Amino acid sequence: MSKTYSPEEAEALVHSHDPEHPANLICDLCREFYKLGWVTGTGGGISIRKDELVYLAPSGVQKERIKPEHVFVLPFAQSSVPKPGSKRDFIRVPAKKGLNESQCTPLFWNAFTLREAGACIHTHSQHAVLLTLLLPRNAPSFRISHQEMIKGVRLGGNGKTLKFYETLEVPIIDNTAQEEDLTESMAAAMEKYPNAPAILVRRHGVYVWGNTWEQAKTQAECLDYLFEIACKMLQNNLPLEGDE
Amino acid sequence: MSKTYSPEEAEALVHSHDPEHPANLICDLCREFYKLGWVTGTGGGISIRKDELVYLAPSGVQKERIKPEHVFVLPFAQSSVPKPGSKRDFIRVPAKKGLNESQCTPLFWNAFTLREAGACIHTHSQHAVLLTLLLPRNAPSFRISHQEMIKGVRLGGNGKTLKFYETLEVPIIDNTAQEEDLTESMAAAMEKYPNAPAILVRRHGVYVWGNTWEQAKTQAECLDYLFEIACKMLQNNLPLEGDE
Amino acid sequence: MSKTYSPEEAEALVHSHDPEHPANLICDLCREFYKLGWVTGTGGGISIRKDELVYLAPSGVQKERIKPEHVFVLPFAQSSVPKPGSKRDFIRVPAKKGLNESQCTPLFWNAFTLREAGACIHTHSQHAVLLTLLLPRNAPSFRISHQEMIKGVRLGGNGKTLKFYETLEVPIIDNTAQEEDLTESMAAAMEKYPNAPAILVRRHGVYVWGNTWEQAKTQAECLDYLFEIACKMLQNNLPLEGDE
Amino acid sequence: MSKTYSPEEAEALVHSHDPEHPANLICDLCREFYKLGWVTGTGGGISIRKDELVYLAPSGVQKERIKPEHVFVLPFAQSSVPKPGSKRDFIRVPAKKGLNESQCTPLFWNAFTLREAGACIHTHSQHAVLLTLLLPRNAPSFRISHQEMIKGVRLGGNGKTLKFYETLEVPIIDNTAQEEDLTESMAAAMEKYPNAPAILVRRHGVYVWGNTWEQAKTQAECLDYLFEIACKMLQNNLPLEGDE
C-alpha cells in the first residue's frame, strides 16, 4: 500500500459534488438497480475501483437508501483476496454503527484481479435465477446466439463486443451457504471460461463486470435482457442457439 | 397507560422534519409499496411501534397519498387486542373527517405482542395471492429451500437469519369476511409456527413483521421475491424444496 | 344551463393552485395512469364532474403530458347525451389548436347520468383486454368471488362495498368501430346490471366510475387487480368463483 | 446544403430552454423509453428531423443519461443515405470524446426519405423481439385486427388511422450482423408494404416513425401494446385476426 491517509483525507474520499464520483455513483446506481428489482431485500450491489482505491457498498442494508457516507474505501493492493470481516487495511470505514462491508467483497475482487475490471455488479435478478432453474440441472453454462442484445456484451467482460450470430456463454456455478465460499468456484469458472463476461450463480443471481462502471452497467443490462428473453424462449420451447 | 398527552403534545407526535420519524416513514413507505403493487386500491399498509406508541395509517384511503397528519397514534399498552372501531385510549386522531384507523389494527397487534415486533407490513401482493392459489387447497404452509433470498429472512421474523439450504416455512390461513376475524387464526398460526417470519392469508395477502421497520421491509421484500419465484417454479413444474 | 361565464371566468375554471382541483387532478391522475400502462398511446382518460361542471381531458394527445390549460369544461346539464364534436354549450375550450374533446364523452356521461357518478375512468389496461379474450367469446360478464380485493368494489360503483365471498359481476360488451357507438350498449348493460361497478369492452378496455375521483380511482385499481389475478387463474385452470 | 453554420451557431443548435426543442426532447424521451425497457443496454434511440436539420442521439452510450450537449446535428440534405462513420457534412459534433453518431442513422434516414417522417424511434422492446420469435419462422409480417389500440396507428405511419376491425400489418425483416446492413432490406420492406407504420426486425426490435415526435411516440406505444397483447394471445392459442 503506497499511500497513507489522514482521517480527514480518508473521510474526504466519499464526499464530492461530482455525480460521477464513485461514492455518489454507488448510491445512484443502487437506487436504479432497486427499481429494476436487482437489489431488493438488501441483496446485490456494486463495487467501483478507481486507480488504487476500491469503493464498496455496505452489507445487509437497504440498497436504495445508501448514502455516500455509508461507503467503505479499501486499498486495491491486498496481499490476498480479502475475506469479509478479515483484518485488512481499510482506508475509510463509515462512522455509522452496524455497517459492515459487503459479503461480496472477495467476489468483486475476482473481477478486479482476474479481469482487471474497474467495476463489478451483483444482482439477484429473477431473470437470472429463473434461468438457472429452467436450464437442465447439470448445465455448465447458459448459451445463446442470434440476439441483437448480444452485441452489447464483450468477450471476457472488457474485450471485443460479440457479434449477432456468435454464441454468448455464461458459466453457471452452484451456490454455497456462505457467499464468500463462492470465491474459488467463481475464480475457477472465470479461468476456465476466459471469454465469459459474467458468472451466473444457480438459485442466487449473477456477477457482471467491466473496465468502467458504464461498461459494467451496460453489460448487466444486456445480460439481464438476454436472461429474460431466454426464460421466455425456454417456456415456449424455442431453441436458444441458432436462427431457426 | 403511563403517560397522558395534552392536545398539543398529541398533535406534535406526527409532525417532524426527521424523515425517519414513524409518521413520515409510514407515508414514504406506503408510496414505495404502492409502486411495488402491494397497497393498490387502498389495501394493505404498515404500522410502526416506537417505545410505547403505535403509529397507524388510516383505513380505506389511497395509501400512496397519506400525509403525516392522517396518521393515528395509539398507546401500545392495551388491556386486550384492540378491535377496529372499539372504544380505546387513542392518543391522536386525525382532524380530517372520515378517516378511520386501519382494519388491520388487531393483526398488527399480534405481531407487536406475540413477536415483540417494532413494525408490521401488510400487502396484497399478487405474488402472495397467486401463490396461495397455486399451492394445493389444503396446504397448511408455503415451504421453500435453496434460494439465496432465504438468507434475508429471520426465524420468527426477528431471530437468526435462515441459511441457503434451510427450509423457510410460512403458514397459510384462510381468509375471513371481516379482516379483524383473522385475529385469532393468525395468532394461532404464529403460536403453532414459532419460526414463521410471516403469515400468508389465502386469497388475500401477507403479514410480515420485524424488530424495526427496516427489518420488516427487508423481509417483506425477500418474501415477496420468494413468493414470485415460487409461482414461476410451480408454473414450470419445478419443486420448491431441494436443489435438484 | 343556469349560469353563463365570461371568458375570464371560463378561463379561470382550469387554473388553481389546489392540487385537488379537477383540472390539476386530471393531469396528475393521467400521469399516474400512464405509469400503470392504462393510458398509453393517447388511449383512455378520466373525466371529473364537480357540481354542475364536467372537466374533460382532450382526445388523442399524450395523456401523461396534459396540462391544466388543455382541459375542456362543459356544463353537466345537457338536453341529451353529448356526442363528440356535436354542437354544444361549451364553457371552456382550450386555446391550443388541434385539441378535441375526448371521444369518450358520451360514455362518461352514461356514468354521470345513470349512476350519478362524480368521476369516470377509462383504461386500456392489458389485464382488462386479455381477460375479455381469455373468457369464452359469448360470456356476457366477468364473475369472480372470494378475493380480498373484491371488498374495495361497490355495488353499482357507489353503493355498499361487496363482501369477500360475494360474486362481483362486470358485464362485457362488444367493441364498436366508433367509440361513441358504445354509448347505447354501455347504457343498456348498466341498466341490465344495476349492481355492476364497471363495464368491460371486449378487445378495448374498461369504464369505471364512482361518486368521487377517489372512489373511481380506488375501484379502478381494485378491478384492475382482479382482472390481472383472474387472467393468471384462467391460465392456470383455476376457477374464478368459489373457494376451492 | 443551403446554409453554413459558424461554430457558435452550430453549438447553439442543441442549447435551448424550450423542453420541446429536439435536443431536449431526445434526452427526455430516451429517459422515458428506458423506463419502458425499450432502450436498455445502450440499445435503441430516437432521431428527430426539424426542417432541414436532423438531431441524433450518440451511439453506444447509456440512453437514459444523454445530455443535450451529446446530440449530433446533421443536415437532412444528403447526396445519399448516410452510413455511420462515413464522411459527411456534420453541422455539430459533440465535444466529448468517444461519442459516435447512432449506428441507426441510415435506418432513420429511410423513414425520413421514404415516408417524409419527422421522427423515428428504434426500440429493443422484448415484446417486439418475443413476437418475432413466437410467429412462424417464415412469417413475412405480423398481422392483427380487432383491437382498440389499432386505432392509434396510421397507414404508412403518417396517413389515416386504422379502424378497429381493419388488419394492421407490420413487415418482419431478418436481422443482420451490422445494423447499417439493414438499410436495404428495411427500405425494400417499406416499399413493398406502403401501408406499414413500422418495421419489425427479427431477434432485434422495431423501427417506428411519424410526421412528428408525438406521432412517432404515440404509434410506438400503440404498436408495443399490440406486440405485447399478441404475444399473450399466441401463448394462449388465440387467433390474432378476426373477432372470434
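Labels for the chains are A, B, C and D, by order of writing; each one numbers its residues from 1.
Note that a contact is a pair of C-beta atoms (placed from the backbone, for glycine too) under 8 Å apart; a residue touches a chain by one contact, two chains touch by 3 or more.
What you see is a predicted model, and the numbers here were worked out from it, not measured in a lab.
Engineer: Spelling it out: a chain qualifies if it touches subunit C and also touches subunit D; which chains qualify?
Structural biologist: Looking at subunit D and subunit C together, no chain touches each of them.
Engineer: Could you work out the angle of the rotation that brings the CA atoms of subunit A onto the matching CA atoms of subunit D, rounded to the nearest 5 degrees?
Structural biologist: Fitting subunit A to subunit D on C-alpha atoms yields 90 degrees.
Engineer: Compare the two sides of the subunit B and subunit C interface and say whether they are made mostly of the same residue numbers, over half shared, or of different ones.
Structural biologist: Different: when the shared numbers are divided by all numbers used, the fraction is under half.
Engineer: Find the chain most remote from subunit C, comparing centres computed as mean CA coordinates.
Structural biologist: A
Engineer: Suppose each chain is reduced to the average of its Cα coordinates; what separation in Å results between subunit B and subunit C?
Structural biologist: The computed centroid separation for subunit B versus subunit C comes out at 32 Å.
Engineer: Could you give the separation in Å between the centres of subunit B and subunit D, each centre being the mean of its C-alpha atoms?
Structural biologist: Chain centroid spacing, subunit B to subunit D, equals 45 Å.
Engineer: At least two other chains touched by the same residue of subunit C: list those residues.
Structural biologist: none
Engineer: Which word fits the touch map of the chains here: line, ring, star, complete or other?
Structural biologist: ring
Engineer: For this structure, enumerate the chain pairs that meet the touch criterion.
Structural biologist: Touching chain pairs, listed by label, come out as A-B, A-D, B-C, C-D.
Engineer: Help me check something: in the complex, which residues belonging to subunit C touch subunit B?
Structural biologist: 146-149, 152, 163-165, 214, 217-219, 221-222, 224-225, 228-229, 232-233, 236, 238, 243-244
Engineer: Please name which positions on subunit B make contact with subunit C in the complex.
Structural biologist: It comes out as residues 40-43, 61-62, 124, 126, 129-130, 133-134, 137, 175-177, 201, 203-205, 235.
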